Amino acid sequence: MQAEELTIDEVVARLRRLPFEDAACARIDHHRQLRCGFGEVIFCESKTIGQVREIFGKLGQTGQNVLATRATAEMAAAVIEDFPKAAFCQTARTITLRQTPVEPAGHVAIVAAGTSDLPVAEEARVTAEIMGAVVSTHYDCGVAGLHRLLAETDELRQARAIVAVAGMEGALASVVGGLVAVPVIAVPTSVGYGASFGGVAALLAMLNSCASGVSVVNIDNGFAGGYNAALINRLPTAGG
Amino acid sequence: MQAEELTIDEVVARLRRLPFEDAACARIDHHRQLRCGFGEVIFCESKTIGQVREIFGKLGQTGQNVLATRATAEMAAAVIEDFPKAAFCQTARTITLRQTPVEPAGHVAIVAAGTSDLPVAEEARVTAEIMGAVVSTHYDCGVAGLHRLLAETDELRQARAIVAVAGMEGALASVVGGLVAVPVIAVPTSVGYGASFGGVAALLAMLNSCASGVSVVNIDNGFAGGYNAALINRLPTAGG
Amino acid sequence: MQAEELTIDEVVARLRRLPFEDAACARIDHHRQLRCGFGEVIFCESKTIGQVREIFGKLGQTGQNVLATRATAEMAAAVIEDFPKAAFCQTARTITLRQTPVEPAGHVAIVAAGTSDLPVAEEARVTAEIMGAVVSTHYDCGVAGLHRLLAETDELRQARAIVAVAGMEGALASVVGGLVAVPVIAVPTSVGYGASFGGVAALLAMLNSCASGVSVVNIDNGFAGGYNAALINRLPTAGG
Amino acid sequence: MQAEELTIDEVVARLRRLPFEDAACARIDHHRQLRCGFGEVIFCESKTIGQVREIFGKLGQTGQNVLATRATAEMAAAVIEDFPKAAFCQTARTITLRQTPVEPAGHVAIVAAGTSDLPVAEEARVTAEIMGAVVSTHYDCGVAGLHRLLAETDELRQARAIVAVAGMEGALASVVGGLVAVPVIAVPTSVGYGASFGGVAALLAMLNSCASGVSVVNIDNGFAGGYNAALINRLPTAGG
Amino acid sequence: MQAEELTIDEVVARLRRLPFEDAACARIDHHRQLRCGFGEVIFCESKTIGQVREIFGKLGQTGQNVLATRATAEMAAAVIEDFPKAAFCQTARTITLRQTPVEPAGHVAIVAAGTSDLPVAEEARVTAEIMGAVVSTHYDCGVAGLHRLLAETDELRQARAIVAVAGMEGALASVVGGLVAVPVIAVPTSVGYGASFGGVAALLAMLNSCASGVSVVNIDNGFAGGYNAALINRLPTAGG
Amino acid sequence: MQAEELTIDEVVARLRRLPFEDAACARIDHHRQLRCGFGEVIFCESKTIGQVREIFGKLGQTGQNVLATRATAEMAAAVIEDFPKAAFCQTARTITLRQTPVEPAGHVAIVAAGTSDLPVAEEARVTAEIMGAVVSTHYDCGVAGLHRLLAETDELRQARAIVAVAGMEGALASVVGGLVAVPVIAVPTSVGYGASFGGVAALLAMLNSCASGVSVVNIDNGFAGGYNAALINRLPTAGG
Amino acid sequence: MQAEELTIDEVVARLRRLPFEDAACARIDHHRQLRCGFGEVIFCESKTIGQVREIFGKLGQTGQNVLATRATAEMAAAVIEDFPKAAFCQTARTITLRQTPVEPAGHVAIVAAGTSDLPVAEEARVTAEIMGAVVSTHYDCGVAGLHRLLAETDELRQARAIVAVAGMEGALASVVGGLVAVPVIAVPTSVGYGASFGGVAALLAMLNSCASGVSVVNIDNGFAGGYNAALINRLPTAGG
Amino acid sequence: MQAEELTIDEVVARLRRLPFEDAACARIDHHRQLRCGFGEVIFCESKTIGQVREIFGKLGQTGQNVLATRATAEMAAAVIEDFPKAAFCQTARTITLRQTPVEPAGHVAIVAAGTSDLPVAEEARVTAEIMGAVVSTHYDCGVAGLHRLLAETDELRQARAIVAVAGMEGALASVVGGLVAVPVIAVPTSVGYGASFGGVAALLAMLNSCASGVSVVNIDNGFAGGYNAALINRLPTAGG
């Protein structure tokens, strides 16, 4: 049990350093930047403009880079009053504030099947970029016009991680996964006729991909797609 | 109302000609050959050896060609005692009896993704052949090794109808559908890990195909795949 | 391996001829007309009026016939400004532009169960017509009033392909499939009380049809119904 | 509140007369015959031979007619040792004991789609008969061969209640419901290929029937089909 | 085959008498009154005011009683302009026109669990009444306050058929079914918190009722509940 | 942040005391007895006889009372070799070892709907008893024979917690919940015909109970039912 | 049978004391306070302002404490006109009227994962408080920032019952359940991206909790969470 | 179009180099090692011993390392006859053949919740190891005994990728994801009581993880977990 107690001491040391802060509407986890590699991200969908503004303010005051997803133009306007350098991307529905320069490095490729998948793909792009990745985008590459995708193969192969965004039957993830030797993060979207069931068809297809290097995140969750790709992208060398 | 009554007269005339026969265990629809273009097919799965033998006998006595699906070797042995010319295909699980020569014509292509999909693909092949189609098979063409499928494109394009058989994510149907100008009948199979849910993942993917010329039949229903392709294959010329 | 390399050469030759074009919002697959037998179709549902107008413009400029589905009256008005010959069908929610004369040929029959299924049935009709089919329509033929359907049997039997459109329990597909010898494309609709689950009841019924010559497309996807029927309709003679 | 207390007195009077009996493995509800019109029925599926024998014995000793469903041949053998007049129906998987003569009356019709639906249909028949109904059976009437069903229409119309048993797409219930003016009890069966999902496809189809006079019981529950039809069948005249 | 042909003759005779009429938006099945015991009912939910008015007019002109369900106040106003005797029930969302006097007879009881189930229960009541039933209503009898239901038991037992309307866990159907000897038509409603899944919880509960005399119709389909109960209610005496 | 650090100190103090032990096949959480009020329970279903014997041994050596669920007779025999005082209950499929005397206190009542629910109900009983509860059982109280349940009401009302075990439509939980003022733990079972979907129907019914004091555990999880009831049962007085 | 009749007499005595009252829109169960320990609660979601006002009035006139859930500000304004002491909590969407002083006792802890779960958590708090519990709240304790939850462990351990409210993956219930020795009532919320399916993901996770002392209520049903916790909280001592 | 043709030339060059080989039962994709970074893996589940032996032989003859998953002891025995250096891992159900030395590098950590998850976790371990990763395993770390997991945090943080394997509620993935800054591949397992629905509960929980760095593979697919982690692990440095 001796060894175990030492381990627990290390746990304690780690826990002792974890700060958080009680704001009016949320406990902000200031320690997440250190623990998980990126600060807390604001998911705006079920929050009021006032809540978004307050939480964004708390995070922005620390000087770190801030990302808010699923934001409306009104939320962005309120935030930009406080942080004039903050930027709103309408397609991606994101607010970003870059205060700490990050030198873009590595390469994340984002492939999307159709025009309707763009909001999700763009959310992935903005996320990966603020986390330090160089991002290339490859849109409108649905498998029904395979030559459009094949034309991108060389560039895809040079990425360190690929985000594959598709609705309908979600076949894009399997086809991309069969062409490359890097991890593919598949993002199903809710695009499709009735029996897509809000993205379930694409989700199941991606989970059942016959290509081995594919893992999947939640429906329409472009943020998670970009986040996981960026995590992979910034890993140091295996030998180091 | 006058016109309607005439139409009803025609209905009557048609109905009057429809024969059926009460066997011990089933009413055999002898008229189906004329009405639907192929005689009644025996689905053996929930029948006893005795029932299969009796129904096969009734159909075989008419001199027409007979097809039984989901048959066991034991059922086949019993049938072959009565009809020595009947043949059993172990992979396809079919018993066929060819009594009326049919000149193979047209071209049905059957594409399958993996080795595990073979029983379903072979059921489609046997069905299409007994209905008069020339059949070409293209197996082990899963989209994770796209070059294997692309090597078949020329032959696929020469078919009049294509049966695409795949489990897992079922992407094969969309990729094939995007390469050809003929109708694709997609057959989802129950092959896959847990979240394939017995073929539901492939079924949904095929129903949501981003390629337009794809229609779908039931899970593991190779018979329906071959049947629909053969129906299409034997259509007379559009002008004729 | 020699033979394989030749095949790959053919693949190359084919791929080399595939053109596409990067528009502002989409890569237009100009080659699809040749590859799949009909040009790219514009699915308007998640696009802006501006996007529809731009893509329609790119396709229309090539001189080919153009089809846009799930269009609104506002989208149609914008398109018609550019192409005064374009036409909007309110029930079908389609915009069509006929620039290349196609001689109607063959025969596609469209059967629908109830009044509520009309938008889907009409989308199928418009699609089949612009792809060159002669189309006959047979609406309000639900199986609860079987005599209305039986009165149509003769005409249905003369078609080369039938589109069966029904919501609720979707029994229409099976009943029609049992009466004819041509392929039936079943289109489930989202019409029904609570346990229709947005068309799932009809979808499952059609996939489980006890009639053999039935294949199925996505819920409310009248376009796919018409497209598949038209593909079948224009097949050349089996012997040719 | 005065009126309410009188009602409660009546409740009390009723409750006071309700007998039950604690056997070793079950409390037998001897009063059900009076309250619900038929005694407790033994569902054998999850019981041991000993339990079936004991409960059957308790019920049989009262002199009433007894029905056990989902019984095995072994259970039947044990019961028949105690009650030599008891009868086992292998297809229906029922044990019946007729001790109190019931004059068959009225007319319940049982329609079934295919050979595989027979066990469920026969369970309905045995149930309706022991509850006093005259029963006519109409088997192998699937809608893919509509003329077989139409030939039965006259007899179906003379029934007081109809049980419609079908698997696969379950269309039989709607077609029958559209032909008659009496209540139809639909029994979905678990017969079918993959996407029948153990009878869910037929269940949903029957719940969504476009014919108004259809109500539905559980999958493969032939007992409930026969029970409800027999309840309806023995209702006295509306005026009486 | 002789006997069969005679039967077909009878089918013909029956089919020949089936009239229908092509209106602008629907084929009206004027024969349904004879065939199924009540004329075509107008389901207004997906129809325009103009369509409802036109179809109601065609049916009303025949002099029969007319029922329209899921109607809005605006639809009712339009219909009442044409038929001043038509009546709108706001809770039930029905329009009724009584032109042919029907002497109320028999007894249908309608039991409902909570206030939120009233629209469905009232739709059942209006339907059963226009089909000739005497109807008693027993509302707010949820099983959480069992004494409220027990107080109604005597009257429930005197009905010829009972409609049990409940959302949430739908236990009402089983409890009522255990207290009476008449058929219970269970109508699940979409009332409930999240995991009621729009009525699925109640639907499944009712299909799995441990009381034998319960059959089920679609979620929120009060019309079908009333229709089936009224069909049962008006059956002549079993001996007659 | 000062206050927070103190709290973390307390966390540390607590974590430091948590012992566990690496056995060959599992890490045994010896601290659970203190932390959660009962030691680790062995779920035998996916373990080998050897694994069960080893883990049971480790737990038994501490002198505490031990419970193993989903055990087979073979597992029990192996355990009893090591601990002759251990007892096997065949219906409940449990092995229990009582080494530390616990004075039974309080009152947990277990109500079950039918004979088939007994294994689950008995698992709940054994669990509650070894955790120190006095348990009364009330079996075969399905709501279709309501008087059997009403006869138990007085005793149910005297319990501190009730476990309600039912399959099929699971109405028992709601009816019991409406009769008492103590918490009801509902345990759905997988007993039922097809559309019970392995207990889903009962699970949903119980989650949607119209009685307020009902909470639910997993399908067939009698252990969790007994465990939660026993946790509640042994709570000290509210004032204390 | 003698003993049984005595029991029935007790049933009668109990039933005779149960009063209810027929209001215009509902039968109010005045006896529930005695039978279940708290009066009827008004679920406002599908009621009109007038209905809420009337029912609230009937309950308020008795002098007992009243709770209405899922109320709007407009409903609250109407009620407060009649009962100026009534209070509206906007986050919880509750109206409360405290007329009978209840001395807060015991301790119910409410833990919530994120800001979006607050309405559900607050509904639980208001419910538990009006039922007499001292309540502590612990919000924004999602498991992704585990130190925020661990900081609360001491206080959680002192509660008599814990309500754990979480959407997304619902892991909070398991983690809390593993840290304490008191019953945890888990409330899944509908918060989350696409594949949360309106709370199903959290619901299933909670039902499958690997911690034994967790039971679950319906999605977003904060009322049931608070109600069950309060029922447990006020139980007298086990020995008493 | 010029640029596009150049790209196509590159596609051609790439396609020309893709070899495959027609074995009796499968087309072996010898090029996969180059294209995807690891050779074809043999999924044995639906193959015969003979097929496994033949495909293993074809792959083994190339001199590369070979992995077969879901193998039985019989399959392993057959393979080892041909390749005496091949090894069978019974828990992981894998056959491995190491012919090309790979220097283990990097660090993949595998965390599993319970004993029942071991087969899936071990399949992940074997896969990651043959793909060149140093692997540390952390088993029996379910969140109900949180201290067991916290004791592993330091080592988990040093990994380049983590595979989190859990059934039941799958909370492990979220808790691990909140503690580390590296990508977590979550593998749901089919371990659990009824409402785990064969792993669906864990799958949904993992897809909805509130921790951002989690992506998911198919149920019980330990191979995909190990494969994706190994792909990530061997990525070169971001700067390189």
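Each chain gets a letter, A, B, C, D, E, F, G and H, in the order it is written, and its residues are counted from 1.
We adopt the following convention: contacts are C-beta pairs under 8 Å (C-beta built on N, C-alpha and C of every residue); 3 or more make two chains touch, one makes a residue touch a chain.
Computed from a predicted structure; not experimentally measured.
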Among the chains, which one keeps its Cα centre farthest from the Cα centre of subunit E? H
Chain pair repeating A-B, as identified from G-H, C-E or F-H when over half of the contact pairs by residue number coincide: G-H
Looking at Cα centroids only, farthest away from subunit D lies chain A
Suppose each chain is reduced to the average of its Cα coordinates; what separation in Å results between subunit E and subunit G? 37
In whole angstrom, how far does the Cα centroid of subunit B sit from the Cα centroid of subunit F? 52
Interchain centroid distance [CA atoms averaged], subunit C/subunit H, Å: 42
Cα centroid separation, subunit E vs subunit F, in Å, comes to 45
Can you list every residue of subunit B that touches 2 or more other chains, as numbers and ranges? 4, 8, 11, 15, 18, 20, 144-145, 147, 150, 177-179, 192-193, 195-196, 200, 203, 207-208, 211-212, 218
The residues of subunit D that touch subunit B in their complex are 115-116, 139-141, 144-145, 147-148, 150, 191-196
Please give the residue numbers of subunit C that touch subunit B in the complex, ascending. 4, 7-8, 10-11, 14, 35-38, 41, 105-106, 147, 150-151, 153-154, 160, 177-183, 185, 203, 207-208, 211-218, 223-224, 227-228, 231-240
Listed in rising order, the residues of subunit A that touch subunit B in the complex are 113-114, 142-146, 167-171, 173-175, 177-179, 192-193, 195-197, 200-202, 204-212
Mind listing the subunit E positions that touch subunit C in their complex? 15, 18, 20, 25-27, 29, 31-32, 45-47, 51, 188, 190, 198-200, 203, 218-221
